[in-house]
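In the two assemblies presented below, subunit A is common to both, partnered first by subunit B and then by subunit C.
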Partner chain A sequence: MRRLLIPAALFLLLALLFAYGLLFYPQDSQLPSGDSLEAPSRVHWLGTDNLGIDIFAQVSSGFFHSLSIGLAAAVIAFMLGGALGVAAGYAGGRTDAVVEFLINLFLSVPQLPIMIVIGAFFGQSSLNIICIIAAFSWAPIAKQVRARTMSLRKTRYLILARSYGGGLWYLFRTHMSRDIMPLLLISSLAVTGRAIVQESSLAFLGLSDPLAKSWGLMIARCTGFKGIYFTEFWIWWLLPPVLALVLSVLLLRLFSRALENYWLGKE
Partner chain B sequence: MKKKILLLLCSFAVIYLVNFTIPRLMPGDPFDYQSAAAGEESSTEMTEELKEYLRSYYGLDKPFFSQLWENIKNNLRGDLGYSIHYKRAVSELLMERLPWTAFIMLGALLLSLVLGTALALLGLRRKKADGCLYALFSLLGELPHFLAGILLLFLVAARVDWIPLSGAVTAFGIYYSEWDWVKDVLLHALMPLAALTLVTVPSFYFTARASFLSILEKPYILSARAKGLGEGRIRFHYIFRNALPPIVARFFLSVGSAIGGTMLIENVFAYPGMGTVMREAVKYRDYPLIQGVFLLSTVLVLLSLLAADLINAANDRRRGASL
Partner chain C sequence: MKKSKFISLFLIICVAISLFGGCQSHVNAPAGDAGGEHGVAESSYLVETLKLAGGTDWGVPSPYLNVSRGPGQAKMRLVFASLLEKDETGDVPWLAESWSFEGNEYTFTLFEGQSFHDGEPLTTEDVAFTIDYFREYPPVTNSLGVGDGFIIENYRIVDEYTITITVKEANADTLSNLGSFVILPKHIWEKVADPYTYNVPDCLVGSGAYMCTGYEGATGSYEFTAYAGWVNGQQAAERILFVPVSDELLAFENGEIDIASMPADLADKYMDDPAIGFVEKADDMGYKMLINFERLPEFLDLPLRQGIYAALDRQSIVDNVFRGMGSVGSAGYVPVSSLFYNENVIKYEYDPDAAKELLGEKGFEISLLTDDSADGISIAEIVKINLEAVGMKVTVEAVDSASRDDRINKGDYDFAIVGNGGWGNNPPGYMRTLFSDKSKYLSTSPASMGPRGYSNEEMTELAEAQLKETDFEKRKEMFKELEYMVSEEIPLFVLGNQSSYSMYRIDYYDGWMKTYAYQQAEQNRLSYMAR
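Then we have the complex of A and B:
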């Protein structure tokens, strides 16, 4: 239980800090508010970037940008993976064969290259990024859910309920969701963290929404700044987005792992 | 096994088709883009007639299926088309870039394999080390590939004089011997290799650890101990050799994510592999080149998945025979 609460509390703390940065912090995340490359000070908590835009404000808005992309992708993957997994596991036969093929197909494609290809061609809006990430995250979820549903289908209580004429939705609600929901939620939570990483990877390659202040974009702009390695500017320009990214991904991961132990009672 | 191969072939067919279709669904084409990217590549705006001519020159005005058929025929001949941006044959370009990417990727995977297995072996003997490594690798496994590269670039490469920041060889370098060249290449590969290894070691460690632990529970280990065999013999012949197949399979399963990781890390260090060429290709909407990079990486990944399946199948057969 403590293992569950600590990452959750820390993540909440991080969210509150960035919420302050987004809502009450006086500097803007889009417009210059000081000289370029100012060191951290009272006015600019983490200094400014080459355009004089406050870094703390950028990191804060980046947090909500990344988190919302991660959550949106996770929700889509949750629904797609859950629906297809349950349908395939329950129906069996031809449906199962088709879904299994789709799962294997999506699992065998090298993810980053195809994301680059699709991202490059479908344009660089946040909505597209969400769809791309979700499209390549549902397969592992569906695989797990399918396996679980298949084993559930053989239980006596389900056979009985089905023989009384229970429909799939009824059976899912009353007999299967208790087993499947935790699995589904945990894997979707894992998708959130991975989606944040993937979004920032795509942003780093310049394939994310160029107007959104995402962490990947900040990192790309900083590393693209000529000779930045030889100055000390990178300490306040590069480290904040990097640390924020690593920290939030790690906390999410720890949380989902603790949840897994708590619910599924794994070692 | 036949089913697996069939599945991989089907996957390949679907991916091939998607890869072929996507660029043609998009609005605009390279010629619109080239004439619009003023100042960068061509500063003249193309007339409609010129665009028409170029479209027919590159075969982009033909119907979909005849383009597809042409494409398949050409690819079978090893012709992946002609890069619109680089103005060279795609296959030639990729053959130039592939060795660098393969070098980084396979090198890092091999390093991870050796390191991960060695550390897992160490963890078997020392429980404390195992605890530390498990926690450390759980964290490290979450590190995004490009961040590993960036952190190494800023924290190590920029501080240490003799580590180059980018490229695969010294620009305009003059070498007095073959050995000099090898040294230069290795030095340039050091950081990308380290970055990729850092991120891939954890999965090897976990696989090796699980594999060793499952072997340790086997009755034949107990019987070997009861026979009074030497600890070294038990370790090597009984544990290590039986635990190896899943670890080797992990090597091939890792290619999929490692290829993406290599592409990202290459962009951090401006390493002249497929990742950097992919980024350029995307920037200039260079269809044939994007398709070529994607096709090549897909083939590599599917082949390595096949290899992993073969290893697992062989291992299962052996297990089955020994039961």
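Then we have the complex of A and C:
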């Protein structure tokens, strides 16, 4: 339980800090509020970037930008992976063959190059990024859910319930969800963490809204600054988004691991 | 340290793969002669290799396949020679040893013994063939003009080495135009019916001081090797390499490249270092903003354009993006540091309140196209912030620079930001193509392209008339008058001029130069010659 609470509490703390940055911190994340590349101070906690825009405000806004993209992608992956996994595992036969083929297809293609091509083709927008990430995240979920459903299908209580005429939705709700939901939730949580990294990677490569205040873009803008490694600017311009990215993904991962142990390890 | 090692390793692998491993996929100059009679000379170069930052595909360095931007042209012009070249003060011999002109007749005498990279002799037959060929198939960069604008009336081959070219109308730029078209080998191109798709190795058999011996588009790698059959002087390096680098400055520090641009924030660090030499490029890079008047005809209304100028905080572009190295652009286009600059041009101060008044309550919604470079995006962000502050709605689209150019050429934009070098020294080279309705090159590079959907008779007349003026002082005055007109009429917006320095290690190679007309040391052919 403690293992579960510590990462959750830390993540919450991080979220609260960034929520403060977004809602109450006096500086704007979109407009210049100081001189170019000001060092951290009481006015600008983490200094400013080359255009004089506050870094802490940008990192805070980036947290919710990345998290919302990660959550949106996870929700889509959750629904798609869950539905297809249960359908394939329960129905078997041709449905199963088709879904299994799709799962293998999406698991075997190299993700990043395909994401870059799709991203470049459909243009720069957050919605596209969400769809692309979701498209490449549902397959591992579906694979696990399918396997679990298949083993559940053979249990006596389910066979009995079916013989009394229970439909798929009824069976899922009453007999399967208890086993499948934790699995689905944990997998989706892992997707959120991965999606944040993927969103940052795509943004870094220039495949997101070019002026969005996302961590990947902040990193890209900073590393594109000529001679950045020979100045001190990288300390407050590059490190904050990198640390924010590493920390939030790490905490999410630890949380989902702990949840996995807590829920699934109990059985 | 770990990072730099990783980058070094990556670079070595990249260069090895691109130059030696990837031969199947790229155009390679014929290797048959490379070590033979007309191939690589064995010694006597100042340095073995000159390495520059690559990483961008500037196209096959052939006259028909290079990208129509400075770096693309420069690589092509290493491989293909023209009759004349420019040095610090004026025109100098290149393929032509001497020249003279009288009226409309220009006579050029070639160096004897010059050959193409496959060993075939280069004669006036080839010069004449190239003129006819370019008349029919204009190359990417074309100093001879297109269609009715083709400047050559006819030519007369006097002997193997002497040719007299008659132009339709001699003017101040004629010698420069005749001196700068590149010479093709007749024995190869006479068989080519479609030069725009001709990309077999033969297309790189050139007439220049260097041969292209390696090109890999995907990694932006190029290798040029000194051609031993070059007769006009000696090349400085046996090989010139353009290698992909992840960070130009790190690569320079690690000795992976020999010349790099100096970031403004590190001026103190390098300026005090006696081992480092510099080529200053004053106000050479310029950024302008174009409006596509065909799409947004309401902006043909002058007060709206004045409103846009008043909305733009151009000083913040200089301070924040150029980091102080540069100047707020002159609304007359010619930069402040130029000899042709007119100090009386109208100056538009940053005044958001006046802008709001001029732009009114129309609430324009526009998209702003830019390239995806760090500077391009930063400038676009400032412009967006400025324009939104006065009630416009701006969506920024950032694409790679080749796509941006392509979209501007096609007219697929509302507002667009274009940056290019070459503003510093040579207004005669660009003012006419930007502001004369007759000379707008609507299908080549946006760098020298006039505003789409805008026309102005008076401006056109002046931009064309200066060409016929041979008295330098009078011509300068005409340019100044044109600048004033541009600042008054605002066919486009000048956002700022960036100054920069190329820096190099003096003890390794000290031959980098700028010509009187072009300040980009890395792109001047004489930078690669022993002088």
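Just so it is clear, the second predicted complex is superposed on the first by the 265 of 267 C-alpha atoms of A that agree within 3 Å, B and C clash if a C-alpha of one lies under 4 Å from a C-alpha of the other, contacts with A are read in each partner's own complex, and residues count from 1 in each chain.
Basically, a residue touches a chain if its C-beta (ideal position, glycine included) is under 8 Å from a C-beta of that chain, and two chains touch if they have at least 3 such contacts.
Please read these numbers as outputs of a predicted model, since none were measured by experiment.
In the superposition on chain A, no contact is made by A:V43 with either subunit B or subunit C.
In the superposition on chain A, A:N104 makes contact with subunit B only, while subunit C stays out of contact range.
Of the two partner chains placed by superposition, only subunit B is touched by A:L112; subunit C is not. By the touch criterion stated above, A:V249 is placed in contact with subunit B alone, subunit C being left untouched.
In the superposition on chain A, A:P210 makes contact with subunit C only, not with subunit B. When the shared chain is aligned, subunit B and subunit C each come close enough to touch A:F230.
For subunit A, the partner with contacts to more residues, out of subunit B and subunit C, is B. When the two structures are aligned on the shared chain, A:L13 is found in touch with neither subunit B nor subunit C. Of the two partner chains, subunit C is the only one that A:L31 touches; subunit B does not reach it.
Within subunit A, the residues touching subunit B in one complex and subunit C in the other are 206, 223, 229-230.
Across the complex, subunit A is touched by residues 7-8, 10-11, 14-15, 19, 22-23, 25-26, 138-139, 142-147, 150-151, 153-154, 157-158, 165, 256-257, 259-261, 263-264, 267-268, 278-279, 282-283, 285, 290, 293-294, 297-298, 300-302, 305 of subunit B. Of all residues in subunit C, those touching subunit A in their complex are 247-250, 253, 261-266, 269, 316, 319-321, 323, 370, 372-374, 377-378, 380-382, 384-385, 396-398.
Those residues of subunit A that touch subunit B in the complex are listed here as 101, 104-105, 108-114, 116-118, 120-122, 193, 197, 200-201, 204-207, 219, 223, 229-230, 234, 238, 242, 245-246, 249-250, 253, 257. On the side of subunit A, the complex with subunit C involves touching residues 30-32, 36, 50-52, 124, 206, 210-211, 220-221, 223-227, 229-231, 233.
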